[in-house]
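In what comes next, subunit A is part of two complexes: it sits with subunit B in the first one and with subunit C in the second one.
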Partner chain A sequence: MTITNDLEVEESRSVSPSDRQTLASGAGFTVLLYFGCFFGAVTLSAALVQATGGSATEVFGALLDGSVRARGRWGQTLGISVPLILVGLGTVFSGRAGLINIGQEGQLYFGSAVACYAALRLGDSAGWTEVFPGPLVLIFCLVAGALGGAFWAGIAGALRYWRRVPEVLTTLLLVTVAAQVVGYGLRKDWLLAVPRDGSKAAWRNISTAQLPPDQRMPRIEVFGNSFPISVVIVLAITAVVTVVLTRSVWGFRLRMLGLNSRTAHRAGVAESRYGMVAIFISGGFAGLAGAMMLTGGDFGNYHLTPGFSVNIGFDGLLVALVARQMPIVVVPTALVFAGLRTGSGFLAATGVEREITKIVQAMLVLALLIPPAILFVRDRRRAMTATKSRT
Partner chain B sequence: MSLTAGTAESAVPAVEFRGVNKRFGAIVACDDVDLVLHRGRIHGILGENGAGKSTLMKVLIGLVPRDSGTLFVDGIPVVISDPLDAARYGIGMVHQHFSLVEPLTVWENVMLGDEGRFDPLEIRRRIGEISERYGLGIESEAVVADLPVGLRQRVEIIKCLRRDPDIIIFDEPTSVLTPAESEQLFDVLRQAVQEENRAVALVSHKLNEVLGATDEITIMRSGRVVDRVETREADAPGLARSMVGREVSLRSSGAALGLVVKLIDKTGVEDAAVSEYEGNPVLTLTDLVVHSNDRKNALDTLSLDVHAGEIVGVAGVEGNGQEELTALMSSLVEAVSGSVSVDGRVVETGVAGSMARAGVAVVPADRHDSGVVLNLTVAENLFLVEPEKVSRRGLWDSGLMTRRASELISEFEIQAAGPDAPLWSLSGGNQQRVVLARELSNNPKVLIASQPTRGLDVGAIEYISNRLRGARRDGVGVLLISNELEEILDLADRIVVLFRGKIVGEMLRSDVDLEHLGMLMGGAIDDLVENSY
Partner chain C sequence: MGSFFTAMGDVLSNEVTFAGAVRFAALLAFCACGETIAERAGTLNISVEGMILGGAFAGACGYHVTGSVSIGLVCASASGFLIALIHANLSHRLAANTFVVGLALNILVLGMSAFLANYVKPSTRAAHKFGIPVLDDIPLVGQAFFYQPWPLYLIYPLIPFSWWLLYRTRWGLEIRAVGENPQSADVSGIDVNKRRRQGVYLSGLTSGLGGGYLILGQIGRFDDAMVGGQGFIAIAAVIFGGWTFRGAIAGCLLFGAVNSFRLSLPALGHEANPEFLSALPFLVTILTMMLFAHRTRQPTALAQPFIRGLK
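Right after this comes the complex of A and B.
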């Protein structure tokens, strides 16, 4: 209560002129901010490329070619965006509940391993193929992935609510644990590894068996582009998530918990129950993303390998940050991040050094991340001054 | 304008503000303020919450930088950039909120913040000397945690006095004191002023206090100095008019202005204030024990009944369990033992939403803590306890929500840009109306109002008082927890006194003996508890 008395101010006015201004110019400011940051990043990148003897137009041309212009590339970009969208959506859930889940990478990897295990056990190696047709195995595989990811995040959630261990630490640390656990599984025949015929050489190339064609995600071919039907599924999921988070009472209560847990508690939102559900969903989405990657065909060749998650979990976290907890914004953001990934594949052909192109990519990502950070600080400051001056 | 100096030495004023301005964003806290403090006089600075009086004093002590204007100390223009600077000019302040480290002893607290080598013996000697001279009764070896609030304030006073300041500022000093303790404090002040020729500024929003303890009064409103008068020429109605800026009835807003209605006017007490209530109490607290973070037995076998249609005032000095009682009734803490029954049904404590479901409405002392969510809209805040009212099958009915919210906004006269305005854009008084609107529209059986008017202006205070009376008329059992005795005397039908987590006394409003009440608040055990009701 000390703060509340620090500033004594006029009580009677409701909205001060400056507040009205910021309310009105909010949207315009946001657009301007993004534009400015993007422009700044492009200018700096171009200058850097030119200064090191490359051609800026070539570099940006290559990025565009790689992500959309060249034949078959936008299909690939769509395919890459699938797990990014899922991880992003999951992160929005935990973020709205006020939880900081930053271990999607591990949840995704663990989820993909569980999905793979389910596929292998229910698939031909167990001899149950007759009982479970391929598409059904695919569905089981996706469910298993989601459960796996949810379980992995649930460990952090349980520690959070049972022993008050900060989830921001546990989720991150569990990424490393996930890598080790899955790595172990990949070495064991009875878990994930392909049964080998004793040849030592095979150990160098650790991998699971390939999913048989009928257990893979069907792909759609349009104008020489191909992408898995999971693109459509993910869009449907986004619609559902948007309704749940922005239109439902449950989504509202989740947000209330994240904004003010004491008011929420008094209003009947039990922190541990809602928080656990949020972190389960968050991990579940990451796990589902892993299963989608495994069955989709845009990541590797339908089998699980060490390092399979290729930073999609961390990129998905960035997607959620940029989307500022708005589920609908996750989709375009994920597409941009996917485009940066596919586009960068063409950068090597420009002859510009790899270090330089990496910096260019990093600057473009920064251009996306700076505006939300600025907006966050602005909102925070606005709320703080409101709290301070209006007692 | 010239003021007659109290003594010959004070021909040069101790402090003079000339044209001091301070803005916070769009809000003008101090608007071209001129103010003169003389030695040997107590200068009351009177104003409502938000009038700018605390800001002005913080400019003097160096906590808030001024935007423009000049500050003179003993006739010399000075720049004061922080409290240490102020101390060098002989200016000290006793803040409204204490900054004491509880586990440490008095002398350790007094010494905190000193730089370089220190001499414990010398500090203890100094404390003993000050304590004796002013009759403060403070032991330098006492542990602060063991001291009651009134004595803790004296520790703060010693912290200030030991630097031997010429100019002392007291910011709302009586908010944590019982009436008797306040009297003692003013005696000390008078002594410091008259015998030692110090200048004292007493910041207050209570008419009583300013009239009783000062020599001259400056009245501030909306950042401006609107009037200055000699206390002996001042009267309560005139001061109230200057302070609020319009005619105010001391009958209806006297409590909000800090006037204790000493004589009980029996005809003025509303018909609801009957001494006997039919039927079972609507709220029954039985032998409640609650532990808080830093204290065991923050509530200590507390028992209390509230009947439908009565306002029970919980009087007491801050920090005697008021917060924990409110938290308990907000389901925020769990009782170690004892029980809470609402309308005859036992309610589980500490379970999310249990109290709200049972029909307990709460206006919390700190609405930002557990009353509202600043980043949600006004409409969302109005329905966050019972979203079922404006939703269908788990989805918001946004049309219905806007309609119902607009109704509540006009019914409770909430000044807001609309139902979709973010709550943080509202003033404190309007935020408080949002809380009231939500809690009262849920048809509660019990209403817990904890410091419901803290920090509000007179208009808002009157409004909220009327709403509480309205709730009583509607048959709600109201538990009013307040540190402002005036507020309790104004509203309550029955008064209980909370001391160290226990109810130590109980009396009907019509039987109140102020002196006795004050003694109970200070911890004197009441032998008459059993037969006083």
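Right after this comes the complex of A and C.
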């Protein structure tokens, strides 16, 4: 078969009316598939609630009350979505480069500890230097958090490219190590702990000193809802990330690396360099999320405490998994996940355990994995039959 | 430094340390048996963590309902298989990213078992210990290996059985072929994704059994934080062992020993930083992987999905 013949076949295929019909039904099929899987996940979760003696409608109402309807709740949902969006955006970077970073929880916690340390040392007269003005300390604090998170992720990245240790293991194992390192810092006066007068009882509630008001993130009040201005900052960051990832050469190369490292290698993309930068950014975003949590006021009341990260890192990771490496989709997904988190506070009245939100989240991730996979397999099958019929 | 060596000597001459090491290592070994096969077939199966927890929960429920440890273990293994079923079909039938599936399953199982444990409230206790005559009289390690709760003894036949399966059967040969060069395996008529699914199933069966052992042989009371990263350490043991059974078991014993060491050091009255001790198993795991991971040759197609016609 000659090339011209091939082209003719191609052309006749692309304009045939029957093909156009399947294309249209294909788009409908896609939408149907996504909705089907979404409702499947929700229905399964609801069935679980019913089966264990709860009422699914009550649970749904409570979740809605707790996240949006009740007074002052949507402000809180917005505040909680901030670190989720940041962690999700960071994960998009590493995911695009083909890296599996699952240790955001540790990177976030370590970042928040570094941020707290910076705030304590720079903004306190007991620190090394002159007292900086509050807003400047706030900015330093955010930068320090990002650097801390980047460092923690960088360990896993270095092990990946230097010693070929799978990053999927090291990032996760480092979560526990981060918790212990910060726990150590929280016990030591010269690191994070509030200097105490040595009484034994003081050890019971370990925490750092509270950030003074001028070092906190300013908060916006709307109709009795208050949220930190980091909400606005995060939206701006999302826009920047979207442009960088989809419209820049660097973003293109990153994607090339993730999709086919061999092609990327031939095209002159150094795997270790781009991969390291991606994992640094990923950790940096997690660390920044930690710093924003500390200064934003929705978590821990401006203290750093043991367990400060409250699974935000893992939730943010799930957000990124649902968003499938698309930065724009991270925002609505993070809002939904933040809503589940704030809504779960209202579940006690219904008598259903709050773990149900965790189940819903994981079910959503699994369910939304299915449609693209099915579509991919279907397209492959079509391509195969097309090649077969041509030869 | 001197006090460090006396502490080490103290710990290493203590039978309890050895018994603890074997108990921890057994859980890792249960998982490592299946995980080695799954990884030789090309799946870096990170849902092991969830499989252990699911197994532990199902084991607890099985025991709670029937009062029989054996039925509990069967339930545990079956629940591991169930998780493997979801994982394998999503990642090796539908070609979804195996890490994403594994991670989501881990979190799903964590949520499920915590949610259902509050509803069922399973009451369990650890199985009785019994000694294997003669062997348990060996000084120092005899008690450790041969005076344990009976579910632990399942690991002794399981290891040679998995070895036989992987190296002495046609099926095992195909599994290894699929992990090394899926394209060639496909051309020679092996259903690549089917073999990979079967690898994950096996991993689910043994990891679930490991979970059953954890609840009914070691801890005795269900708690949703009981696994605490052991699944990931088991994966690290497989990598440490260079994807052979001998090496993986050595890795399990090493990591088990570290875990036991960290618990018996304070118990024997030696002072040590508690945070350092808690982080020790993870630090040792990372350090050993740093030293050994690049020396061994991994299965060539590890963690690469197989889709016919794409390379």
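Basically, the second predicted complex is superposed on the first by the 294 of 391 C-alpha atoms of A that agree within 3 Å, B and C clash if a C-alpha of one lies under 4 Å from a C-alpha of the other, contacts with A are read in each partner's own complex, and residues count from 1 in each chain.
Methods note: a residue touches a chain if its C-beta (ideal position, glycine included) is under 8 Å from a C-beta of that chain, and two chains touch if they have at least 3 such contacts.
Note that the structure is a prediction, hence the values are computed from the model and not measured.
When the shared chain is aligned, subunit B comes close enough to touch A:253, but subunit C does not.
Applying the stated contact rule after C-alpha superposition, one finds that A:356 touches subunit C and leaves subunit B untouched.
Contacts of A:143 after superposition: neither subunit B nor subunit C is touched. In the superposed pair of complexes, A:233 makes contact with neither subunit B nor subunit C. In the superposed model, A:166 makes contact with subunit C only, not with subunit B.
Residue contacts after overlaying the shared chain place A:374 against subunit C, while subunit B stays out of touching range. Counting contacts as defined above, subunit A residues 383 meet subunit B in one complex and subunit C in the other. Every residue of subunit C that touches subunit A in the complex is listed here, in rising order: 44, 46, 86, 90, 94-97, 99-101, 103-105, 107-108, 110-112, 114-116, 118-119, 228-229, 232-233, 235-236, 239, 273, 275-276, 278-279, 282-283, 285-286, 289-291, 293-294, 303, 307-310.
Residues 48, 52-53, 100, 102, 159, 163-166, 168-170, 172-174, 176-177, 180-181, 183-184, 187, 314, 317-318, 321, 353, 355-359, 361-363, 365-366, 369-370, 372-374, 376-377, 380, 383-384 of subunit A are the ones touching subunit C in the complex. Interface of subunit B with subunit A (complex): residues 24-29, 48-55, 58, 96-97, 222-223, 330-332, 351-357, 362, 365-366, 368-376, 380, 384-385, 387-388, 391, 394-396, 415-417, 421, 424-431, 454-457, 459-460.
Of all residues in subunit A, only 1-2, 4-20, 23, 243, 247-250, 252-253, 255-256, 259-260, 262-271, 273, 379, 382-383, 385-387, 389-391 touch subunit B in the complex they form.
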